[in-house]
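Data block below; observations after.
For reference, chains read A, B, C and D in written order, and residue numbers begin at 1 within each chain.
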Amino acid sequence: MKTTRLEAFSDGVLAIIITIMVLELKVPHVVELAALKPMLPHFLSYVLSFIYLGIYWNNHHHLFQAAKQVSGGILWANLHLLFWLSLFPFATDWMGENRLASTPTAVYGFVLLMAAIAYYILERVIIAREGRGSLLPLAFVNSWIAGGLYAFVAFLWLIPDPRIERQLEKH
Amino acid sequence: MKTTRLEAFSDGVLAIIITIMVLELKVPHVVELAALKPMLPHFLSYVLSFIYLGIYWNNHHHLFQAAKQVSGGILWANLHLLFWLSLFPFATDWMGENRLASTPTAVYGFVLLMAAIAYYILERVIIAREGRGSLLPLAFVNSWIAGGLYAFVAFLWLIPDPRIERQLEKH
Amino acid sequence: MKTTRLEAFSDGVLAIIITIMVLELKVPHVVELAALKPMLPHFLSYVLSFIYLGIYWNNHHHLFQAAKQVSGGILWANLHLLFWLSLFPFATDWMGENRLASTPTAVYGFVLLMAAIAYYILERVIIAREGRGSLLPLAFVNSWIAGGLYAFVAFLWLIPDPRIERQLEKH
Amino acid sequence: MKTTRLEAFSDGVLAIIITIMVLELKVPHVVELAALKPMLPHFLSYVLSFIYLGIYWNNHHHLFQAAKQVSGGILWANLHLLFWLSLFPFATDWMGENRLASTPTAVYGFVLLMAAIAYYILERVIIAREGRGSLLPLAFVNSWIAGGLYAFVAFLWLIPDPRIERQLEKH
């Protein structure tokens, strides 16, 4: 199998995942601008997932420039990656709707982690087939993912903890 | 007609089907991890359908490497296959929401069966046009489908029967 | 502009339209097989729209084999066609949910008609640009559309009139 | 990176955005033709967004005919554009559901504006890389966007102000 059809299929899945997340942004029933304020955590979750998926799409493309042919192993490692990425809309939605409460945020982090592991497996499978020459894009990819994780942590600290806020609202 | 556009269209439809199933995973309104537990059968249904559609996409690709040209018959046999595959999200959702109750599971099995038959018809139509030389990928495909069906049966037995569970909960 | 990107975009839109219609098939909350019976008109509407969109995709492909280049006029005539096709899920859903009641069915017919007109305009724009040589696929296309309309009328008569049924249920 | 994969991915995202907007057109529960009347503002919003996205798709294609290669900057400028375009369904839906009330319409205008800015940034990044020769399609693009904005303003005036209507209904 040539890599082109696998890339086209992955592009399709990624394009859909990145777009259907916006369906979860429920339209408020009021027409005031203030109605958008409680949506802010959800919106920021959407932005974050959009960036993550953009990074994955970017890296995915670079990775498959290293691959010449698609074996059964590469195909399933790729589907495994797409599976974890397909859970992004669900995890984003749960985290966003609950204003970044700790459990949904941990689940989101878990999906992120599993996607990173799936990506790593895909890399290894391609390297095992293509040889050491394909090691080149690896460092590039890892630094991107690392950068993304740093941005994620930073993002968590920028938003005031909703549990603290709720405590404050009680008093 | 060249096979490329038919493959691109099928890829598009398959990519959408595989991804919209995740829209049916309704986000729980609680933030506890326990909220994910009742979603487990639905989640497992999603995983199963994801694997099935992955197998179909894989086989579909192999099949069209054997085809050189697309006749009207091949085009409609392909749309017939896509039709049954498009019912996967509905069947997955119904089975998943009802914790694998017998009727929805049977309907799911029926959709699986019809997709397998549609795939078989597509194979036959291509073989009728391309001649015996295209018989090569056939065995490969069948063993995959058989393997998938075995996995499905195994999966059914791994999950405790929800009706038994419900009986137990009553006492 | 080459026709390939326009075809790829149209394929994408058609693949999405044909697939999201299935999202409107709401999963019943009961697990009995009888729960699927009231869904029958909706399911048949889905089948009908699936076939129609398949016919359009097929014809669209044949049409663009005749076109060599994409002008601004062809591009907008194509988007005009995609617009009317994009209303299929809405019209299918309204007709299906109301068991083929007369007004929704008439609206569905109107969308069909507008799509056929949009297709005719697209044909004319391509012919005006490409010359008489591109007239070849025209007859083929029209006979398909005519056939589809006949099937639609036949389909309407196969289903007992829901208003008659409702009258009968009263007595 | 070649531009083809970036174009294919952008096509996918645009095709999905343009199509999922129709999912927001909620099917009325009555079967009278009058049920479609309150949907008119929503429907017109859909038509407007459809035209806008068509313009963007058209321009996007022309823009990437000028680009030979995709740098990291072009890739992220493109994702930035897709991000704002992905908010079209949300903004369209909010504006449409509230019969073009002033706040949602302003938010819609804001999303339009940000998309136009993102498009401008993308143009600049491509020009910075490709040199002055790629300035050619610029004027063409701008005049289209300007034309679209004029149409939007005209559209706003064609529809009677819903706030005025509501006042009239009170008396």
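In the analysis below, a residue touches a chain if its C-beta (ideal position, glycine included) is under 8 Å from a C-beta of that chain, and two chains touch if they have at least 3 such contacts.
What you are looking at is a predicted structure, and each value in this text was computed from that prediction instead of being measured.
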Compared with chain A, which chain's mean CA position is the farthest off? C
Call it same or different for chain B and chain C: same when shared residue numbers make up over half of all numbers used at their interface. different
Using CA atom averages as chain centres, what separation in Å is found between chain A and chain C? 35
In whole angstrom, how far does the Cα centroid of chain C sit from the Cα centroid of chain D? 25
Where in chain C do residues touch two or more other chains at once? 8, 12, 15-16, 20, 23
Which chain C residues qualify as touching chain B in the complex? 7-8, 11-12, 14-16, 18-20, 22-23, 25, 27-29, 31-33, 36, 47, 50, 54, 57-58, 61-62, 65
Along chain B, where are the residues that touch chain C in the complex? 1, 5, 8-9, 12-13, 16-17, 20, 23-24, 72, 75-76, 79, 82-83, 86-87, 89-90, 93-94, 97-98, 101-104, 106-107
